[in-house]
Every structure is written in C-alpha cells, then in structure tokens.
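Pasting the structures in now, so scroll down.
Both complexes below contain chain A, partnered by chain B and then by chain C.
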Partner chain A sequence: MSDYSLSDDDYYNDEDMFDITQDDDDMNMDDYTEDFKVDTNSKRKSYEIEYESLNQPAVEKLMQQDVAYIIGILGVDSSIAARLLRHSSWNKERLIEKYMDNPNTILVAAGVTAPEPPSVTSPIRTHIGDRRTTRSASKIISTLSSSSKTSSKASSSSYQPAQTRLKAERFVCPICYDDSSDLQTASLDCDHLFCTGCWTTYITSKIRDEAEHCIRCMAEGCCLVAPDTFIQSALAGEGEPTWARFQELLVRHFVSCNPNLKYCPHPGCTNTVSCPAAASKSSLTTVVPAVSCGARGIPGSPEALTSAVAAKEHYFCFGCPIDSDHRPVVCSVAKMWLKKCADDSETANWIKSNTKECPKCQSTIEKNGGCNHMTCKKCKHEFCWVCMGPWSEHGTSWYSCNRYEEKSGTDARDAQSKSRASLERYLHYYNRWANHEQSAKLSLDLYAKTEKKMEDMQITSSLTWIEVQFMKKAVEEADKCRMTLKWTYAMAYYLARGNEKELFEDNQRDLEQAVEELAELLEQPIEADAIPTLRQKVTDKTVYVHKRNEIVLEDTANGFLEGRWKWNARVEGFDEPDQADLV
Partner chain B sequence: MASISARRLAKELHEIQTEGCPVGINLLQADDFAAWQFTIEVMGESLYQGEVFTLLFRFDKHYPISSPAVQFVVTDGKTSPVHPHVYSNGHICASILGNEWSPVLSVIAVCLTLQSMLASCKKKERPPDNDRYVRHAPDNPKKTQFHYDGNSP
Partner chain C sequence: MDARLRRVNKEIADCKNDKASGIKIELIDESPFHLKGIFPGPEGTPYAGGTFLVDIIIPESYPFQPVKMKFITKVYHPNVSSASGAICLDILKDAWSPVLTLKSTLISLQSLLCSPEPNDPQDAEVAKHFTTSKGSFEDTATYWTQIYAGGPGKKGVSTASSGDGKDEVAMAGLEKAHVDQFEALGFQRGKVIDVLRRLNYRGKNVTQISEDRVVEELLK
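For the complex of A and B:
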C-alpha cells in the first residue's frame, strides 16, 4: 500500500512501483488519513509552518526584555544598555563576554564614552591613510571654529537647551555660524557644542534620508552615539513622524539581527513574523516557510477599506526574499526559477518566433528579408528557409519551395526540432506559469465587477449579504490555487523524469482542471433567479478545488520531508543529481 | 532668514576673502551659493610640481549637514591629477566626501585634505577600475556613494 493511494485513486494500481517508500508506508498513511478525514482538525498540516505574527509594540517589548536583562547583568543604565546591545547586533552573550573582558573598550566602540585623549581616531581614511592629511585638516577646522572653544561646560549628554544656554555672546555655532545671543545649544558627553537647530536638522536628515539609527556626534572624528532621550528632545519640535521612523529603524535593526525574526516586506507594513522553525538554512530544503504577518493591503490606502480581496493578506516567505507564498516549491528551486525567468523568458520567446537554426552548424539565424535561399554566415551551408533542406536539391525552382516532403528536408527539420527541445521545454513551463499569474489577476478584476453586481442584487432581490458571499470565497480559493499551480510549474521544470514526477504532474493536472472549471463558473452571467443553482455549483466546486489544492501541497511537502524529490539540475542544499537526470 | 546653507557659505566666503586661502589654494569663482571653483597646486617637492588643477564644489540646500559634491574640473583643457584615488573624469574617492563627512568640515578643510592627498602620493597612476567607473559614472560624484550604500530606502 502506498501513501499516495488516498490522494488519487489512479495511483492505486501503481503501488508496487514504490518500493522506496514502503518502509514507512504505514505511518504515513495513518497521518494522511487522519488529516484528510477531519477537516476541522486543528493539527498543523505538513505544508504549514508554525509562526507568530508580531506588531511593532510586541517587538519593542522583546527589545526591552533584552535591555532589562543587560541592565541586570552589567548594572548599567538603560540608555547605555541599549547602545551596547545595538553595537553588538543584539548578541547578549558576546556583549557580556566582551564587557567582562574590558568594559572600556566596548563602551568606546559602542559610542557610549569618549576614548582616552591620545587615541584620536583618524577622520580621514583614503586608501593610503595618510596621517599628515588628518592633522592639517583638523588644524584648519580648529582655527575656523575657534570661537566654539569658549565653551567648556560639563554637560551631561542630555538635551537641555535651557541649561547649556551660554551667557557669553561669543558662542558661534560651528555649523550654521549663527551667533545670536539667545542661541540654544546642546552637546553629547564629548562637549562638542552645536546649536539646537543644527542638531535637529542633522538628526532628521540622518533618520529620514539615510535611514540611520546610530547617530554620532556632528564633530569631525567624534564617535559618540546620541542616546535616545537626546534624539527625542532634539526632534521634539520637529514632529512625530521622524521620531516614529526612528523607532521603526530600531525595530528593523533588532529584527535583522535575530534569525528567528523577519520584517514584513510589504510596503508600509511594520509587522514582524517570528518563525524559529525556519531560522536555519538547512531547514529550507524540507519546508517552505510561507508566513503571513496578518495585515492586509497597503496601510492607509483606500483599497484596504473598500475591497477585501484586492487588499491581499501579507503573505511572504520567511526563508528567502520572495514576497509571496511560493508553496509547494522550496526556496532554492523557486529562486533558480525566478532567475531563469528574469534572464531568459523574453529572449527565448523571441528566438523561438523569429529565428531558425542552421541545419549544419546550429547557429541561430534571423531572416530579416530577401529570398528563401539562405547561406549560413558561419559555415557557408546553403539551405532553404522553408523546408530547411539543402539548397542544392532545389534545382531551378529558385524563389519557391515545393519540396517540403522530401526526405532530406524532413531530416533537417527533425534535427532542428531536437536542438530546440530544451527551449520548447522551458517555454512550456514558463507559459503555464505566466498564464496562472495572469489569470489570477484577471479573476480579481472579475471579482470586483461581480461584487458590484452582487451588491445590486442584495438591493433588488431578497438575497441577504451572507448569501452572496460564496463568490468572494470562490475567487479567493481560485486565486490561492492559481498561486500553487504557478509554482508547481517551476517545480516540475526542475523535477527529474520518473514516476515521482508523473505523480506530481497528475496531482497538478487534477488541480488545474478543477480550478479551470471553477473559473468558468465564475465567468457565467449572474441572473437573479439562477442564483441558488449557481451558488450550489460554485460552493461545491470551491470545496473540491480546496481539497485538490491540499493534496498538491500536502503531497509535495511530504515529499520534501521524505527526500523523495529528485532534480534534473544542481540545487543548493540538495544532493548532486544523477548524471542521467541532468538536462 | 537666509537658509543655514546660505548663511554658512556666506560666512566661509567672508573668511576666505578677509583671511585669504592657504598656500597653493586660490578662489577662482564663487558667484553664488550653488557652485564654487578653486585652483589647487601642491607646494614644495612632489610628483605634481608645476601642475595646477581646478576643483569644483557643488552645494545642495542641506549643506553643511550633507557633504558638498567635490570633483576636479576636466573640461576646457583642464585635467584631473593622475592619482590612485582620482578618476579621469575628475571624481575623487575620499572618505571625508562620503561617509566620514562631518558638518564641522568646511570648503577650505576639504581643499587642504585634497592638497595633502596629492602631496603624499608615491606613484602617479589611475585607480585600477578607472575605465569601468568612468564609463558608467553618474554626473554627480555624490551619487556614487549610494551605489555602495546598502540601506538607502
């Protein structure tokens, strides 16, 4: 008994061919039966991965926990702990180790305290690293900004304009050269005084233009990092958005440092997903970590409010940069396919429709005019563009070819089609892939129109809101299945020939058929009196399609867990393919 | 009130005009607060003895928070110095013009740094990737920074 038997009756007769999987047949079958029978089973399916969606405050809470932990261990205040952690990429163990080793080194490196006077860091690092350059430049700065030396006030790195206001009218901000008597100034622990206006402009520019969360003192070569409280006071008058952006940058940095977390890649979204099960690279050959942050659409855009379908849920892959759900195919294969499509698809299509190959040397030739008598530029072979046979057999019938059935011509065309096979093979998969993507888009357009119609119907007929919801459900399901189908073509392109691939393609075909049937139902004109029948049909089909989709996803996912899939090309993280399977 | 950029440049210009430029550097043109030109030559013994180059500074409205765009002029028969950090189109590879720019640096400070960069040169040669860079270089050398800056949104 094979574990495929439940996925489709067709496979039942082929059972004796699957000796590879026989060892664990019983176990798999139990799992499978259970999942299949109990649809409402809360148990996770094999193609699903455990994850948790976190909003920004939730991530900030995680950060605070880490900060509190460091405060507890090192006995520093929270602003220092935060800067130390950011500097150590939130690696607590390494931070503690380094701090225990020599607290001063790491405090200086993190920009918390200024280094000891003699170790002035060179502000200029050209490739030659010339020391003299540094000195001459710094000297001129000090003469230019000599007036700023008047201030030697010890200020405590806090942003306190009122306290640091200078009585001496001689203070000139070394950046804007403002010397008004009521100029408000501020500095970090390094006492490099600047006016508050310049601080605000500088910090705003760093955050908004450079997306920088680590903001250093403005003085040349000074490596002190501004604490959050300083930044908050500096931005106080500037408005909320910059401060909010700063908070977001801190969260993004924290998330990027933690392999268990990933920031939602959808524009404008600030959610994070936690998925420890897919944190290691090796796990990505057995699971496809499709996750969703739970949000929909683009935050704040009108479409998020009006159409629930157009505002798609934020699905993305935890394991790779693809910002959609690419189940059932694993990351490395999906990446290979996308790269191939980006490189090849347009070129391949063009070559296919505009060129032929020289029957002798296989050079690709574009015929851009003239008669059918071709002479290959490379090997000088003369042939007929129409029948591909050698020109010598054409005798005197120069400008017309009536020899299509001649043996030599047929042979030449056979050779031609053989050398084109790999191109054809690729285009076969690519066109189906592209078609599903296109169809998914069209069905969304269709739904928008249908939805409008259904709304009208609620008004004109006795149907209730709940009774017209089946359309929405059907479109969503069809869209989901098309995404699965789309990626099955990427998978099939790289699958090595054999029984496993045939089974895969059978499942694929069944799903495809079901989806097309559902799509056809959705295209039907909607009349008020036919709605009950239509609803019944659409609902039944939706359920069926849903099941077929589960089968494809489930079987493929199990195949990855069992290591059942063999490839026809080298795939990162998998065993070398058999020589015979290579395409 | 004039913008910070204009006020700051006015002050720098005033200082240049009253106190003069350091040796080897001369103000060529500063008609507005958008672009200034200086001539620069290396004094004393160096590989560039007798050569005079022209430096072009371009300022945007965020100066001095953002760095000026600085390059050697290579039009009207002028050339850029042959130096491992200077491309033949006049663009300069120096960290103070990029990520190590500090708002307390000034136009004159930049000139001095570049003068010193030339003075310390041991061998006259172009950067190794000169041809490739010059072929695709943007008009504004500051844009080159962004190519290597991974986190510009």
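For the complex of A and C:
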C-alpha cells in the first residue's frame, strides 16, 4: 500500500523517473512498478497500467531464451532442457538446484531417461499408492556415467517411421494387433515398439481430447516423455493442426507458470499479455489491471474480416478471471458483486422489483408500464418508483435518482421491512448495473446501425469517409463509458456512506447524464441539411463524455492509490470496515 | 476394418481361449462396445467364492482413452461405491495405457479386491469401517459376497443372519446387540442401523461415541 502512495520523496523524483522511462525505449520490466508509482507527469493516466501484448511467436521466443539459458548452464541438449523446464514449471533456479543435487532424479522425473532397463511388467496392477512410490523413489540409477550415456542416447531419439525392424518373429503391434509385414514402427529411448499409426492416434488423442502437452510412452507404467521432434514427426502431414495445437499448449503452460504473463481469455485468441505491475496479489487493491491483447473479434471468423468496427477489442482483467474491463472497481469488489448477483435468485428479484408498497398507505403496487412518476391509486400519493422518495423532491432534475439517497429515502422506507429495504438497495444498484450491461450488449447492433448511417451520410452529404468517422468514435466512446458506468454501480453498492461516496456518485451522475445525451444524439434520424450541426453536436458531446469518463476513472484510481475508499462490507485485501459502516 | 472393432474382437476372442484366468467377457446387447466382464473373487479374501459382474463400455477413442467400468454386482470394498458400483482405480483414469486390455484391466480389478486402498476411498463409510475394524469389515464383505455374488459365506455371520431374508445388521457391518440396544429405546430399527453405520459405531469407536451422541443423531 505505502509503496504506491505519493510521498514527498516520490514527488521530487518525478522528473528523474520520467526521464528514465523516456530514454528507456526497451521498456525494462523492472521499471514498471517504479514508473507506476509516479504517474502524475507521465503520459499514462493513473487508471492505466503498463503492459505489453505478445503474440505466440514472441512467447515462444521467451521460452527459447529460457531453454538456451538451461542449455548453457547444464550442458544438455535443447530437447532435454525443454522437458526439464516443463517438468519444473519453468522455474529455472529450482531446476538448476535440483539438477546439481542429483541429475538422475530430475531426469527420471521429467521423463527424459528411463529409470531402469524396461522389464516385462506383470499385468496385475496394485493401487495408486503403491505405484506412485515405486515410480518416484525406488527406480533410480545413481551412477553419473549412466546418466551421461542415457542423455547422449536421448538426443539420438527420433521418430523413424521408415525404419522397419527385422526380427525373427513378425512384429505385432500390441495396441492394434496389426501384423502386416510392411508395418512401420517407432519407439522412444525405452524401445517400447508400437506401430506409427497407433502413435499418431495416441498423440492426437492426448493433445486433442486431454489438452496434454506432456506425452508419455504408451507402454504401461513407462514414464518416458516424447521429445517434441518425435511428436512433430508423428503428426507430420494430416496432423499439422494438432501440431499447432500442441505448440499452443506449450505456450499456455509456459504462460500459466509465469505470474507476469496471462493468456488472452477470448475464444480462439492466442495472444499473451505481460503485466509485471499486476503480478502480485497485493497490488490488486490499488490498481485495476485492465489490459488488451490488441486483437479484435474472433480470429478466422468472417465477422473479424468484414467489419473491423463490429469486432470488439480483446479487453480483459489481468488480475482476475473476469473477461472484460471492470474499471474503475478493483478485482476483489468486482468479484464480490458478481457473486452476489449470481446468488440472488432472479425470480425473487423479479417479484420484488415488480411489486412495491406505497410509501404512504402500504398498498402493494405492481408497475406495469409508464414512467417512474407513480401516483398511488388509493391514497393519491406521488412518489418515485426507483427511490421511493416523494416525487416533489425530484422536480426537473430526476437524474438525482441515480443516487440511493439514504436520507430522504429513509422516511419512505421506514415503514417497509428492513430486509425489503436492503433488497431494494441491492436492486437499485443491480438494475442500473444490468441496464448498462444490456446496453453494452446491444452496442453491436448500434455499431451496425451506425455503419449504415455513416454510409448514408456520405451519399446525402459531401462528407468523405474520414469525415463521418465521428459517428464511429462516438459509438465507441459511449460503449466504453457504459462499461465504466456499469462497474461504478458495483462499486457504489459497496462504498461506505460519506462524503467520498457522494463525490463518487456525483461524478457517476455527470457521466451517466452525458452518456445518455450522446446516446440520444446517435439514435436521431439523419436529415441531410442538419448533418453539419449534428456532426458538431456529436463531436462536442463525444469529447465531453470522454472527459467525464476520464474524471471518473482517474478519481477512482487515485482514490485506490491514496486508500481513500471505505467499504460497507469486508473486502479481501482491505482493512476491516468500521462497525458503523457495515450494512 | 475399424481398428477399435478389430482390437475389441480380438480381445474377446483371446479371453475365450484363455480358460486359466477364469475371466469371461460377454456381450450385453448387439454392440461389441458394451460388454459384461465376469471374474471370480480372489482366494484368501472376503470375496472368495463370489462371482463378480462388471459393466464395460468401450469409448469411441479406445484404446487411447480408458474403458469405462463399474461393478454390476454389489461389492463391499473401500474403493468401490456400495451404491453405484463406481470404481476408484488409477488405470481407469490417468494411469491408463493403450497396451492395457480388457482382460488385464479385469485382472487389475480382481487384484484391487485383494488389496484395498482405504486412503483413497470411493466409499468413505466403507473405508472408515475398514480402518477402524478390519475383522468386522471382512465379515461384512463376506456377507455381501454371500448375498450378492453367490459366495459360500462364513459361519460367524450366517448365525447372525435371521433365517431366510437378508440380515440388515450384518449388511451394515454392525453388531446385533448394539442395534437391539437402541431399538429398545423406542427408535425404528432401520433408522438405528442407518445412524450407527453413519457414525461408524464399530470396534473401539463404540467406547468413544457416547450413547447420548447416538440418541441425539437418532432424534434429528
């Protein structure tokens, strides 16, 4: 926490830090956190985080670097180094330590060398417990000479389908029982021979059905792991897509072992994002590591090719499994909110949200249409359906209803049960949250509609394609702001009452109002002579909305850095809330 | 011919030719991919003398993915579900190898009956029974073999059974005296058996679990 607060020292260092990062175009990873501390002068906003998007070849390059490092230190060949690294979850230090301790133990455990000459195993199996111990503990060759011998032999191991073994007896594949004379066979260093057809099917099944990158010999109890060259040969020809999948699995494994990396969660995407600033769990209470892998849409789908507008950029959170940008709210609060939304039964919500009691005479009322200005049939009391406060307080500024005003609403809700009040409080935030989520979902339609409008505009006016881009920008901006708004409701639900919350909700209201106005402009029918005015209006509004969004994001992010936000519930990673704030 | 079909046919034929192992594989319906395995209970165990039936389903990707097996015959064993017959055995899961055959897998099941692994149980209640009182567990397993697998049964247990029907007390691996004791307090016999089995009221546990605790459970 204190690392990120803006102390005086940090302030004086600002200039230096800025210069360093400017000069350092290589983007030294270690500087990320430092850089992050002093955000005031740098170009990056306080709500943004430094990250880098890597495609699959880039990650493969990182893997090769690690492999080369291990080759240099341990003097093994690349196929062995790769298998050793995968076995040790890419932890180089631990691997080197273990290898120095006893090379045989780790070579056997990683499936590089066989523990002992292959013996004819009895088909009778004992249970897990027995097997595991014999596998890891007892079958170890401890002489160094044999290790060097086996490792040199391992390097020669390759998939040789062309080679047919001449034996006195005709070879029968123990898996498919094929005994034809032209049967091609292959084996790993353990010399367990199988026909190449079975190898290919087996490897394909392991990769396709089990998403397994560690492929062991097919013989029972044999723990040798097939080297990549062997797998590649087995998958040559028709197995090309499977080979590509295998490489993807290797990259995924590498990424999952490295806390600085995260694989893009969007379907079909193979990019990785590197974000060392959010790698530690403690950093997640002060930053929302919203990142994007840079790709758009679903790779290979026609949608991605035809319309770059409709295909959404792959935004996701680096710190938690939520596969969208949940700024400005931090991961732990966002998760709490999603869990709460999932727990509360939809049916109960519907019933509760569609019937309410009149704040004056307690008659149960179902709202079956119309606006939020309610007049009780029985007692003629006028009230707001959303906050249950008297309508007179709303006046013209009915947007103040974005706030669940605890004070003026209290009187109205006192009559109702406490559980109902808390449920309504929840529903207030939930409805707004869900509303923005729904709007965001509809944004795809809006994109399509906008594209159509942009085309129309070019026909009806003298504007060029470039000049009508303002529409697209406006739609994108509105969509972005809706995402922010959506999560501000999750945040406001858990914020403890007080001035900070009021300021937060003021910012929220300003943004919401601006977004709604922009959305209205975008929905307007287009008349040829009004286009220049519309263009001006939309552009102005877009800029304004953008600024309001910045304010919300920036202020919230700064609040997290300063530890300004107080919660009304227990939140993971934060201090215990005050007893008085608990809801 | 489809490699999977060729292999399964050969496995069935091999099994037919091999009379020594005592293992049989039969078709359940027309499909060669839904089979029934039959093997004798291993000698020197509570399962001796019984005949055990196993439901076998050959998956699409056999032999590269393991066969699906479960007991048809009810078995009292820590690694077999006493209700569904589901089996907990490594080679049916991640330790499967394509060189394993139906026969070798059935032999493995047979050897699983010889050497239970209570630390990795499928049926927690049976496993608890096994760890607290092996003797009592074996009596119950023998009784189950006798009732469900056509085994000869043991003297000690057969005297406990009340004539023709199944003896519920012996089925649950409990002592008749204990069940009678709580039944005398006015509880239903079925409920008493249920609670005592759940509490693992056997062996040295009998002294550790107070009568009040049992009554409390019975009143729930």
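Definition applied: the second predicted complex is superposed on the first by the 417 of 583 C-alpha atoms of A that agree within 3 Å, B and C clash if a C-alpha of one lies under 4 Å from a C-alpha of the other, contacts with A are read in each partner's own complex, and residues count from 1 in each chain.
What we mean here is this: contacts are C-beta pairs under 8 Å (C-beta built on N, C-alpha and C of every residue); 3 or more make two chains touch, one makes a residue touch a chain.
Keep in mind that what you see is a predicted model, and the values were worked out from it rather than measured.
Engineer: Where does A:Y202 make contact in the superposed view: on chain B (first), on chain C (second), on both, or on neither?
Structural biologist: Both: A:Y202 reaches chain B and chain C.
Engineer: Taking the superposition as given, does A:A342 touch the first partner, chain B, the second, chain C, both, or neither?
Structural biologist: neither
Engineer: Quick check for you: in the superposed arrangement, does A:I459 touch first (chain B), second (chain C), both or neither?
Structural biologist: Once the two structures are laid over each other on A, A:I459 reaches no partner at all.
Engineer: Taking the superposition as given, does A:A580 touch the first partner, chain B, the second, chain C, both, or neither?
Structural biologist: Neither: A:A580 stays clear of chain B and chain C.
Engineer: Looking only at chain A, is it chain B or chain C that touches more of its residues?
Structural biologist: If we count touched residues of chain A for both partners, the winner is B.
Engineer: One more residue to check, A:Y177. First (chain B), second (chain C), both or neither?
Structural biologist: A:Y177: touches chain B and chain C.
Engineer: Based on the superposed arrangement, let me know which partner A:M218 touches: chain B (first), chain C (second), both, or neither?
Structural biologist: A:M218 contacts both chain B and chain C.
Engineer: Output the chain A positions appearing in both contact lists, the one against chain B and the one against chain C.
Structural biologist: Shared contact residues on chain A: 123-128, 130, 174-178, 197-198, 201-202, 205, 209, 218-222.
Engineer: For chain A, which residues count as touching chain C in their complex?
Structural biologist: 123-131, 174-178, 197-198, 201-202, 205-206, 209, 218-222
Engineer: Spell out the residues on chain B that touch chain A in their complex, using ranges where they run on.
Structural biologist: Per the touch definition, chain B meets chain A at residues 4, 7-8, 11, 15, 22, 62, 64-66, 84-85, 93-96, 100, 102-106, 108-109, 112-113, 116-117, 119-122, 151-153.
Engineer: Show which residues of chain A lie in contact with chain B when the two form their complex.
Structural biologist: Residues 123-128, 130, 132-133, 136-137, 140-141, 144-145, 174-178, 197-198, 201-202, 205, 209-212, 218-222 of chain A touch chain B in their complex.
Engineer: Note which residues of chain C are touching chain A in the complex, please.
Structural biologist: Residues 3, 6-7, 10, 61, 63-65, 79, 89-91, 95, 97-101, 103-104, 107-108, 111-112, 115-117, 119-120 of chain C touch chain A in their complex.
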